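Chain IDs A, B, C and D follow the sequence of writing; residue 1 opens each chain.
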Amino acid sequence: MKVGIIGFGKTGRAVASVLLESKKINLQWVVRQSRLLEHRSVPEFLGLASDEPGLIYTKDEFTASELLERYPVDAIVDFSSETGLDYYGAEAAKRGIIIVSAVSQYSDEKIGLIHQLAQHTCVLQSPNITLGINFLLIAAKILKNIAPYADIEVIEEHFKAKSEISGTANIIARELNLPEESIKSVRAGGIIGVHEILFGFPYQTVRLKHESITREAFGNGILFALENLRGKPKGIYSMEDLLLPYFKLKEPESEIITAKKQPWWQFWLK
Amino acid sequence: MKVGIIGFGKTGRAVASVLLESKKINLQWVVRQSRLLEHRSVPEFLGLASDEPGLIYTKDEFTASELLERYPVDAIVDFSSETGLDYYGAEAAKRGIIIVSAVSQYSDEKIGLIHQLAQHTCVLQSPNITLGINFLLIAAKILKNIAPYADIEVIEEHFKAKSEISGTANIIARELNLPEESIKSVRAGGIIGVHEILFGFPYQTVRLKHESITREAFGNGILFALENLRGKPKGIYSMEDLLLPYFKLKEPESEIITAKKQPWWQFWLK
Amino acid sequence: MKVGIIGFGKTGRAVASVLLESKKINLQWVVRQSRLLEHRSVPEFLGLASDEPGLIYTKDEFTASELLERYPVDAIVDFSSETGLDYYGAEAAKRGIIIVSAVSQYSDEKIGLIHQLAQHTCVLQSPNITLGINFLLIAAKILKNIAPYADIEVIEEHFKAKSEISGTANIIARELNLPEESIKSVRAGGIIGVHEILFGFPYQTVRLKHESITREAFGNGILFALENLRGKPKGIYSMEDLLLPYFKLKEPESEIITAKKQPWWQFWLK
Amino acid sequence: MKVGIIGFGKTGRAVASVLLESKKINLQWVVRQSRLLEHRSVPEFLGLASDEPGLIYTKDEFTASELLERYPVDAIVDFSSETGLDYYGAEAAKRGIIIVSAVSQYSDEKIGLIHQLAQHTCVLQSPNITLGINFLLIAAKILKNIAPYADIEVIEEHFKAKSEISGTANIIARELNLPEESIKSVRAGGIIGVHEILFGFPYQTVRLKHESITREAFGNGILFALENLRGKPKGIYSMEDLLLPYFKLKEPESEIITAKKQPWWQFWLK
């Protein structure tokens, strides 16, 4: 699967390194705004042994149309900003190229554009494209369903310089119908990213906690997304859409329970 | 719903206090081995305002048959030991009385007996009858299904005097197919009970953590079990059986996602 | 050492149970505002085997002078409210009775009164009279001294119904010169009390964390305070005053370090 | 201050990047075993803007004597292995060059050599040369002194591939006189390094916890060590030796306490 990356900041680099190490993905190019590192090879720059092309280009060098003609890809991974979409969106959709965007915030106008693109190709947009966070979110929704009377608080910890509330924490709060005051933002030193969803009961607590070790966590999420979007019909997808088929559980093996004639529970995805 | 309790140790007392405070449950009696507190009133002993009878009897005073004739109940909650079942099991099953046992370990012989009783009434047996732990176990199974390559460790913390590995940790390990070495037992001071299931990934971790605040947590689990067993057909039930119908999630509400025509995911219980 | 308790709410009861179990302390009486439980015996009420008198009286029954004449004590432990001091303060000071107050907030006027009383007897006032919290506070001050550039945040978790910021967290913030915004208050379920002081560095974090298991933790702090105030000259004392003599460390035992001729470090209290 | 580094594995690189960014330190060279990266510039290799020389040499290219004549330094930082010392030890000591070694384990023979070198220059050896861990260790010793009856457990978490018990955890256990069974080792995914010292009391717990975010944490520890060893008399030093002068605390500022005439407490280093 041939892939191009838009954006080459810290996260873009980390994701590039994970894609380069995957045998299922072939990194074709990186396009970025800045002229820094122009025409350098990504594997060489990152010190990784790889014979994938992965050259770094500047937006100004090619139009997206020229780029996609010369160096065609099956999927584009976007770690740039809201305006990245203007560069490649229409040209990618026209060619049925899968679009995976990890840009954290889009204006209403851009969300409209995403819907238009999704009439022609698969588009996945997720501001926190890790497996862990997306699992946490689904598990938290389930627990809230079991125990709607629980008190829920979201605690997020990030590096000191991060001034606003974490976008991921905002999504968690929104999906669980919590007021913004439920989010407690801790800012200290170089903490990469911690999200904890705390369920308080009268006599017990349940904590669902995700810790990012490095930005490469996004790379594994991207790999998961690319593998699971392949072959899907066009439309808009979320990480949850892709995760849910995995929620089909095997039957339990404990003695007492298997003594029952019938399989006792099972999940389905419609 | 009229309920009797077998066993009046620390956990039995905590559960009794939760049942007394519930308006849906009427505590009829407690039966215990020891003569201590004989004929005392449970509400008075626990300092709770309640006009439920709740008298404390000794096993030697009545046979179970005499007890259940004089003071009939709809359900028996067992916090005693393995032998408790010998006292009340057959008589309760004969009368179709719901049996909820939180006894942690049963011999093979007793498990056989439980199966026999379950041909006549509803029997639920669970060594850790809290909502939190049972939710954690299901969530952990799902995450293992999504990410079978994750490294899983179970960390359990309890008071210093607890010498053996926690029964709950053993169940978690068994249900997740982990070797016993995956359980790390921490013993210090008066810690009531902490269970953490740690999923380690290359660049992120997910921690599912349950903390017991007081033994009353079992009381809420018992309430949940009693309410959900009521009216069910006879047979053996686990806490998971009762929890799963709650796994049916509502549709999400985020803008991007609801823009799609079709509901994007849904859970069913067969 | 004969002790009387003012106040018999949840914390007062927990502390009473710890004092009753200590062989060094003899609980003489409890005085409270409410007529509930009047003339009941504390050991009997708490279900503890003890032959200490420990009768419960009402404020209206005796003046403090009458009480202290009939049932003299060496120390008074106050878990009531700000006005408790008006009842017993002057009479206790006159008799040189040690005063230990865990009342969380005093007005300026009452602080003035405390200073007057301290000219006649030993007075210790501490809103969180546990060993753990007071150790944490000293340790945090030391770490701030070593690393003044660290980002410090205070995370406190308590039960849902606690509306204001924890008094202990406020003291931590004040003593570490942190703005109130550094305190993140989490409120959920029945959490008894968690205080974490987080030091964030560019590439590492240090967390100092205290968890209360039950209110009896205050009892152990009271025991520590009573034992260490005994025989001290009159004046005002804090928990830190009493803890510091314990900061004298033994010499280390690691091979490399002991190879040095001179003891390498040592603490003194002036 | 001119500095050379021995060893250029993952940690050596991280430390080099921190030293390059410090204005007080000038990185002269790196010497390593492998011929890889020979004569490359460290700033260029790490992508950092710096005009410090920082060239990479191989052990075989120079003897330590030749190296230190041509490219003199004030301090050598050793992140290689036990045998690194054989290369540079004697020549560095002869010239009074400060030696800071973060090699985790030395044989008795090498410890003897360190003592000999320390008769000529300052030598600091510490297997975990972070500020955080060393603070934790001192704080834990103090708390053990205050509460010798506490139950202490050490929980350490590292990446799956780390097979042995963490050297740091072993040091913590040794310094606190704990049996090896007190160390619980958790191994999962890519966890960089977590050390928690848990003090369990009957009704409360205190947790002292250190988390490494990246290997650069060692760099800050090295900076601290270099700055504080400068000008010190020759001899063996530990991180604790250097930390202790910082334990002198200011006087408190709370109202009640400052009302007392005399400063209430203070620390001294002999």
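Methods note: contacts are C-beta pairs under 8 Å (C-beta built on N, C-alpha and C of every residue); 3 or more make two chains touch, one makes a residue touch a chain.
If you're wondering where the values come from, they're calculated on a predicted model, not measured in any experiment.
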Interface residue overlap between copies subunit C and subunit D, same or different (over half shared): same
A-D or A-B - the one linked by more C-beta pairs in contact: A-B
Whole-Å gap separating subunit B and subunit D, where each centre is the average of the chain's CA atoms: 49
Subunit A and subunit D, separation of their C-alpha mean positions in angstrom: 37
Per-residue overlap in subunit D, given as positions that touch at least 2 other chains: 189-191, 199, 201-205, 213-214
Chain contact topology (line, ring, star, complete or other): complete
Residues of subunit A touching subunit C in the complex: 150-153, 155, 157, 159-160, 184-191, 198-205
Touch list for subunit D against partner subunit C, complex: 111, 114-115, 125, 130-132, 135-136, 138-139, 141-143, 145-147, 171, 174-175, 177, 199, 201-217, 219-220, 235-236, 238, 240-241, 243-244, 246-250, 252-257, 259-260, 264-270
Interface residues, subunit C side, partner subunit B - complex: 45, 47, 189-192, 213-214
